[in-house]
Amino acid sequence: MIYVTRRLTFSASHRLFNPSFSAAENERIFDKCSNVHGHGHNYVLEVTVAGEPNPETGYVIDLKKLKAIVMREIIEKVDHKHLNHDVEFLSGIIPTAENIARAFWKILEPQITEGKLHSVRLHETENNVVEVLGG
Amino acid sequence: MIYVTRRLTFSASHRLFNPSFSAAENERIFDKCSNVHGHGHNYVLEVTVAGEPNPETGYVIDLKKLKAIVMREIIEKVDHKHLNHDVEFLSGIIPTAENIARAFWKILEPQITEGKLHSVRLHETENNVVEVLGG
Amino acid sequence: MIYVTRRLTFSASHRLFNPSFSAAENERIFDKCSNVHGHGHNYVLEVTVAGEPNPETGYVIDLKKLKAIVMREIIEKVDHKHLNHDVEFLSGIIPTAENIARAFWKILEPQITEGKLHSVRLHETENNVVEVLGG
Amino acid sequence: MIYVTRRLTFSASHRLFNPSFSAAENERIFDKCSNVHGHGHNYVLEVTVAGEPNPETGYVIDLKKLKAIVMREIIEKVDHKHLNHDVEFLSGIIPTAENIARAFWKILEPQITEGKLHSVRLHETENNVVEVLGG
Amino acid sequence: MIYVTRRLTFSASHRLFNPSFSAAENERIFDKCSNVHGHGHNYVLEVTVAGEPNPETGYVIDLKKLKAIVMREIIEKVDHKHLNHDVEFLSGIIPTAENIARAFWKILEPQITEGKLHSVRLHETENNVVEVLGG
Amino acid sequence: MIYVTRRLTFSASHRLFNPSFSAAENERIFDKCSNVHGHGHNYVLEVTVAGEPNPETGYVIDLKKLKAIVMREIIEKVDHKHLNHDVEFLSGIIPTAENIARAFWKILEPQITEGKLHSVRLHETENNVVEVLGG
């Protein structure tokens, strides 16, 4: 098995906030991440597909195609957006890195038809990373 | 002359928008950077001080002190904030990287009393950087 | 399953040396890593916790809490220290990256009560990395 | 189990081209990667070995030895070379990152006698990575 | 004065070779860089423009415009190319990083009409960088 | 003028300590950097030479030669060493990054005979950098 990974970036803002919590609970749990006007990140997204290389091309999946899928399905919808307000598929979800990565997985998994989606890794900062693995 | 640099990071959101422009002009000039709910970045800030090392300590300025100044004067005011709404010293300023870096320079310059502020460099993304140099 | 990772850094010195070896054996096996006064590194530590996000917070484990645990249990004890002389939990251990990472695992594993410790990865230099995986 | 990784780099050129395809097919499938004079990359290679640390040395495998093996078997044969023309063990293979990494695996696997080869990861650019895992 | 920088990347191959040297001289001077089929790099290009921010936009030069200029004038002509064979403006030039960067400067300088070109920096590898400064 | 830079790394330990200070002063001024057994870093050294490219080679200075000079004069003397105890040219100097970089400048400046030494930049950590500029 070979695993191929394409890295892409996007810039977005978000606010961590659970409407069923009181203001005090939101502040205690989410701290400065719950500031009312939100804050933002340069997210780094790594999408990994597992498979056998096609003997005629040497590709598991052409990374140009993988990039095009991720651009169309994800990046165009989240780049330079506010994740709480502007992104339909994140509506009603607390946009922690965990929840964002899982939402990306659900969208990408059926789109990968050469090989199989193996991992969605999302870097929120240089120190914080989450990964959704397996299916 | 020796130049010492301390690197710090913060995460914030902003929106590029000139209220004296029409909506169409804002969109033409600032494009996706003018989306109404804003977007965000992991900013990387590098502050450089020039001077001669103190012969007793070997420091131009103790970088722990430089860090403390930048934390108190800048990072605590901008980290996890919306730069258009939450930061007094950016009020009324279009928060391009150029304008943010210049505002940082004006705040930091009088605070540096060992050595002399030489440069404020601000990375908005891994591809976009601005620098304010000299006084 | 989702995997969340927090990255932290510390600077320390160490010396690779087995007291049951002769001086010649130590030099042959550990080469310049056995120099008598030691040498040092900027270690990069990545701690990964696996689990399901809490539906109320969207967190597997709040990375601020994970950072606090790793700071208290590890970083405060090793940062700016000599790993052969100053760290009780490394006493009597040859401080190779393998042995340091395994010692960190043993300390951290019982401290992680939301999710489960999955990996401790330790970068000794930009070229040398070790990882302790699974329990 | 502990996993130790050594990172090395090399610079090479390659051309993606299948001689059984027509010129038009090569261009459609490989696009600019099939330009006749080739192009190049600074490849980053990460080789991971799994095992238990030797209790006398604290090493799974001395990373200096692992480096020497990879230098001798791989880097000296591919660095500053054209992968289609100059490298015997890649002869007749379309030099996609997938195929190169698999060829490296086959060469390295029998050479690792302390621990066991676990992964060969090859970064073609900062955005494109492939990994061969397991045996 | 404010300095704004846009970073872009391209992958290309080259060969260092002076046709007026003997084969032995080429090998002595350029060593493995003169291998007959060439080798390649992931070049990183940083273009810096100096100026005063426009008070209406806050931009020295819109970095999207700067990117478009560099893409059109440079990247589209060198990416996935062999610099000795495929690039008209490098014809007859030994493609050292120094000479490539100087050729880029000559092309870009007249194209920058907001602010003034200040620096062209070209990273050939993570260890080798050249910079053309001032005009 | 063109500026060429070679990057190299070394790992060393040091202790910040002024023997003419009291123990309390050393601790107040140098804090954890004065711990008695020292600590260490992966230093990153960038050496920049300014000049005109030789028209026959396209080089300001062959970066392989520059690397050889820096290896011989600096890296072999400081790598895997304790900077307070093992390095003759640092004897009696408080090994702050400022003082180390200045000592490197004094050694390298007369060795550079093609072009002229322009800058010695020393990264102590990913957040702390010093630079000695001009002569």
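Labels A, B, C, D, E and F are assigned to the chains in the order they are written; within every chain, residues are numbered from 1.
Definition applied: contacts are C-beta pairs under 8 Å (C-beta built on N, C-alpha and C of every residue); 3 or more make two chains touch, one makes a residue touch a chain.
Fair warning: this is a prediction, and the values are worked out from it, not measured in the lab.
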### Message
Starting at chain B, how many touching-chain steps does it take at least to reach chain C?
### Response
2
### Message
If I rank B-F and C-F by number of C-beta contact pairs, which comes first?
### Response
C-F
### Query
So which of A-B, C-F or B-E is the twin of E-F, meaning more than half of its contact pairs are the same residue numbers?
B-E
### Message
On a C-alpha centroid basis, what's the spacing between chain A and chain F, in Å?
### Response
41
### Query
Where the CA atoms of chain A average out and where those of chain D average out, how many Å apart are those spots?
28
### Query
Hey, what residues on chain C touch two or more of the other chains?
126
### Message
List the residues on chain E that touch chain B in their complex, please.
### Response
1-8, 53, 56-60, 62-64
### Query
Can you list the chain C residues touching chain D in their complex?
16, 18, 20-21, 29-31, 93-99, 101-102, 126-134
### Message
Show me the residue ranges of chain A that touch chain B in the complex, using the header's touch definition.
### Response
9, 11-14, 32-33, 35, 37-42, 79-82, 84-86, 125-126
